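The structures come next, written out as structure tokens.
Next come two complexes built around subunit A: one with subunit B, the other with subunit C.
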Partner chain A sequence: MTAPVLQVRDLQVRFGTKRGVANVVNGISYDLHAGETLAIVGESGSGKSVSVLALMGLLPQPPAAVAGSVLYHGDELLGLSPKEWRGIRGRGTAMIFQDPMTSLNPVRTVGYQLTEPMALHLGLKGDDARQRAIELLDLVGIPSPEARIDDYPHQLSGGMRQRVMIAMGLACDPDVLIADEATTALDVTTQAQITELVDELQERVGMAVIWITHDLGVVASIADRVHVMYGGRFMEQAGVDALYATPRHPYTEGLLGSLPMPGADRPERLVTIPGLPPDPVAMPAGCPFAPRCGYSDGDRCVGTVPAMESVGAGHDSACHYPLGVVNG
Partner chain B sequence: MSDHLDDRLAAKPVSRTRETLQTLMANKLAVAGLIALTILVFVGIFGETIAPYGINEIDIPNRLTGPSGTHWFGTDDLGRDVFSRVIVAARVSLQVGFIAVGFALVVGVPIGLVAGYYRGGIDSFLMRMMDVLFSFPAILLAIAILAVLGPGVGNAMIAIGLVYTPIFARITRGSVLVVSEEVYVRAARSIGAGNRRIIARHILPNVMAPIIVQTTLSLAFAILSEAALSFLGLGVQPPNPAWGRMLAEGRNFFQQAPWMGIFPGLAILVTVMAFNFVGDGLRDALDPKQKSVIESRGQSV
Partner chain C sequence: MSGFLVRRILQMLLALLGVSIVVFALMHLVPGDPVRVALGTRFDQDLYDALRERVGLDKPLIQQYFSWLGSAITGDLGVSFRNGQPVTTLIMERLPATITLALAALFIALVVALPAGIISAVRSGTGLDYTVSAASQVGISMPDFWAGVMYILLFSLTLGWLPSSGFAPFGDGIVEWARHLILPALTIGLISGSIITRFVRSAVLEALNQDYVLTARAKGLSEWQVVRRHVLPNAWIPIVTVVGLQLGFLLGGVVVTEVIFAWPGLGRLALTAVKDRDFTVLQGAVLYIAFMFLAINLIVDIIYARLDPRVRVS
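Right after this comes the complex of A and B.
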């Protein structure tokens, strides 16, 4: 396999708050290869969005403190100067945000916002930039792009705005596209169209995608690999099929159990996970999931953080007692 | 599916500017204000040509005569035509208003942008300075500044401009605080835009609405301040006419010749009201909250 586009090692993010230090991301590591779709799933507050904002250098420091290592084509990103960061953002990595209703500037036309990254990174201006913007709008499936380019965001529907955001992200052919809950604010039909679009574009352009979501249904339809995040750590990581077929971590099992599956042989009531996610200011000393875990032994689970260990081919779980694995 | 519906609904691009102008034109008071302002600006530019008499044409035998066919607004204690003087004085009033408010804009808006965007220490430093300026009563501060700089039209512009700077700084900062939290600002950063670019191209256009409204309203107050300063003898110096000066001169003859004070006073009144009507109209047209109230009312009827 070729060298990964992005190598994240032991990424940590802390925030200084009035109540104390909030440990939001506590050492996550992963590789991202060209053409791959990696999904990071987790509930609200699990640190998934913060972890990718750190990759983009979009966390203001202070109050945030970012540690660890992020290698982009082998070059360290953390610690770059603001100017060096500007060269990476939009050019190497691009981002799509959750709510397309607020992520476009209301007083600028679609064309202006599409051509801005081209002017910043490619030195493309005037008619050339406009031509490329029209091509991009066409690429993301917006009908009559020549007319739409002069529209203002309020004249477009949510789905169309998200398409414009994607076009903006693709403007300078980035290697990595980060979609932060990119379909959460959209209705289900539009959601499917957008995921399909990203999938298709990825095949054509060959970029890598990090898809942040809490929607396991979306994950199943697009991801190659899935990382399950909880309390600022990865709980389990596996290929998408393996994860759904044989979850090896109690948290993943709980997540999948709470998902309604039509026609599946399941108990009538959906399973819920009792309790609340951990407070980042007062993280448990051991496994972050231990206080809510039905399998917790009340001793090792509470006292020691479990290491990420292999439980199968390309399948790792951070649990002292991984499910379905006989433990010595 | 929803995309197709929107296609038809949004067939023709309507820019915000056009929408604002349409709303403004529907407001009768604002239109009246605009008409009055147009006439005022015209008079301000061509004052000397329109005026039937020279502003310093002294005619002692006809001093203190009441309004008549030959002297529409009467004559003053030196027999000068009040109508001509009121008309010519429009220029200096408008000049002081525009230049002083322009000064306040050019200084105050960047202060507000920097303070609201960068926050932290620089924000505290700049805004505390503005607070100091703001804590003085406006006219008192202007008088104090003129006491240092010396009386005169140019210094009056600087004094009034300084007095209005903190208002623009505050209004801008407040809006910037809100706008800089918007996702599209983060999105602009995510495509590699730098701070200066974000401030100038993304934040400034989004905070223009309150600044425009404040500009129009401040013009009215600046003209009023100029009149007050000239009334106190700190602005326009004799023998040049200014509405405030003429009020002051007319005060001494109010029993015999009320027209000496009434007409310059009316000129101030009309000008200030015109700016206020336009300012109010603009606020209604630009303020999305007000707008949504009106629209939802319209729908429920």
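Right after this comes the complex of A and C.
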């Protein structure tokens, strides 16, 4: 296998707040290879969005403090100067955000916003940039791009705007595209179109994609590998099929149990996970999921953070008692 | 766009009509008889009746209103009770001084408020932000009658750099013109500027917290590029509103400042008219001020449409 595009090691993000230090991301590690789609799944507040903002250098420091290591083609990103970061953002790594209604500037045309990174990173200006913008709009499936390029965001539908965001992300051929809940604000039909589009573009361009979502349904359709995040840590990581077929972590099991399965025998009601996610200012000393976990032993689970350990080929779980594995 | 303009101009005319009714009614409701005041100690019943008839005060109010409105439309606002001069002429004579002072004050206000407000928003929560906030708070709290007197004390009496009062027309040479203008313009410019600074700060801060700012940063734009290309174009919209209001207020004449600096502007004209019960002059002045406000509002609306594509379409 070739060297990974992105190597994240023990990434930690803390915020100074009035109530104390919030430990939002508590040591996550992963590799991202070219052409790969990695999904980070978790509920709101699990730290998934913050973890990718840290990869883009988009967290204001202070109040945030980022530690660990992020290697991009072998070069350390954390600790870059603001100017060096600007060379990476939009060029090496690009990002699409959750709400296409608010993520585009309402007083600038689509063309203006689309050509902006080209001028910045590729030195493309004027007609050349406009030509490329039209090609990109065409690539992301916007009809009559020559006309749409002069539209303002409010003249486009939500799905169209998200396509524009994707086109903007692709403007400088990034190696990594980060989609932060990119389909959450869209209706289901449009969601499917957008995920398919990213999937298709990825095959064509060969970039790596990090897909941040709380929606396991979205993950199943596009991801190669899945990291389940909770309390700022990864709970389980596996290939998408293995994760769905044999979840090895009680939290993953809980998440999957709360999904409606069309066609399956309808259970009485969907299973919910009791309790609330942990408060980042007062993280549990042991496994962050222990307070809500039905399998917790009340001792080791509460006292010691479980390490991420292999439970099968390419399948790891951070649990003292991984499901379906006999403990010695 | 043209439909929008026509609609706005019609609205403006309607508002002016409303103002004219209110102004006319108020003038005739307040106690005090202008003819009696005009005659003063030379009071004589026959002269009094004759004068009332000459200026039309003996006719029913409705009739007085319509004849006044009819002439006002043609630009004739009647004659002063006090000295018989046409009101339109009196106002026109005061306009150069008023407009000069208003524009100079607005210029000072903007030169102070735009950089201060923008920097304070971009560096919000820092010492610089607190300093700007404190300074603008002082500026807003500072009454013009006090600030004006302090400037005279410092720059005219103590340092002797600038004249303490009066207006020099542009024809007298730019240096004299500017020397007379600086102190009154500074007096209201800094107050206006302090108000505008706070609006600029909050408008920029509001725009800075929008999602599209994160998008712009994610493209690799520098912080200053983000502010210039994405934050300010959105922040202008609320800023234009408050600048328009301030300009309308300045063009209406700033009474206290004009009195302190013996500035021959509209504010003093109106003040004298109040003292003299010179109804026609006061009516004319108020109508003019209302007109200025409405005209500036119209201009602000047109600028909105230029700034915000969403207004243009709807």
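To be clear about the criterion, the second predicted complex is superposed on the first by the 326 of 328 C-alpha atoms of A that agree within 3 Å, B and C clash if a C-alpha of one lies under 4 Å from a C-alpha of the other, contacts with A are read in each partner's own complex, and residues count from 1 in each chain.
What we mean here is this: contacts are C-beta pairs under 8 Å (C-beta built on N, C-alpha and C of every residue); 3 or more make two chains touch, one makes a residue touch a chain.
Everything quoted here is computed from the prediction, not taken from an experiment.
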Superposed on subunit A, are subunit B and subunit C clashing or fitting side by side?
clash
Quick check for you: in the superposed arrangement, does A:K48 touch first (subunit B), second (subunit C), both or neither?
neither
First (subunit B), second (subunit C), both or neither: which does A:P143 touch?
first
Quick check for you: in the superposed arrangement, does A:R233 touch first (subunit B), second (subunit C), both or neither?
neither
Counting only touches as set out at the top, which of subunit B and subunit C does A:F97 meet: first, second, both, neither?
both
Which partner reaches more residues of subunit A (counting touched residues only), subunit B or subunit C
B
If you stack the two complexes on chain A, which partner ends up touching A:T189: first (subunit B), second (subunit C), both, or neither?
first
With the two structures laid over each other on chain A, which partner does A:L120 touch: subunit B (first), subunit C (second), both, or neither?
both
Looking at the overlay, does A:G159 come into contact with subunit B only (first), subunit C only (second), both, or neither?
first
Can you tell me which of the listed subunit C stretches (1-9, 19-27, 55-63 or 271-279) runs into subunit B once everything is aligned on A?
1-9
Taking the stated contact definition, name every residue in subunit A that is touched by subunit B in one complex and by subunit C in the other, in rising order.
56, 58, 82-83, 85-91, 94-95, 97, 99, 102-108, 116-117, 120-121, 152, 155, 165, 168
Using the touch definition from the top, list the residues of subunit B that touch subunit A in their complex.
1-3, 5-7, 10, 13, 15-16, 182-184, 186-195, 197, 201-202, 205-206
Looking at the complex, which residues from subunit A come into contact with subunit B?
56, 58, 82-83, 85-91, 94-95, 97-99, 102-108, 116-117, 120-121, 143, 150-152, 155-160, 165, 168-169, 171-172, 187, 189-190
Complex interface listing, subunit C residues touching subunit A
210-212, 214-223, 229-230, 233-234, 307-310, 313
Interface with subunit C, subunit A side, in the complex: residues 56, 58, 82-83, 85-91, 94-95, 97, 99, 102-108, 113, 116-117, 120-121, 152, 154-155, 165, 168
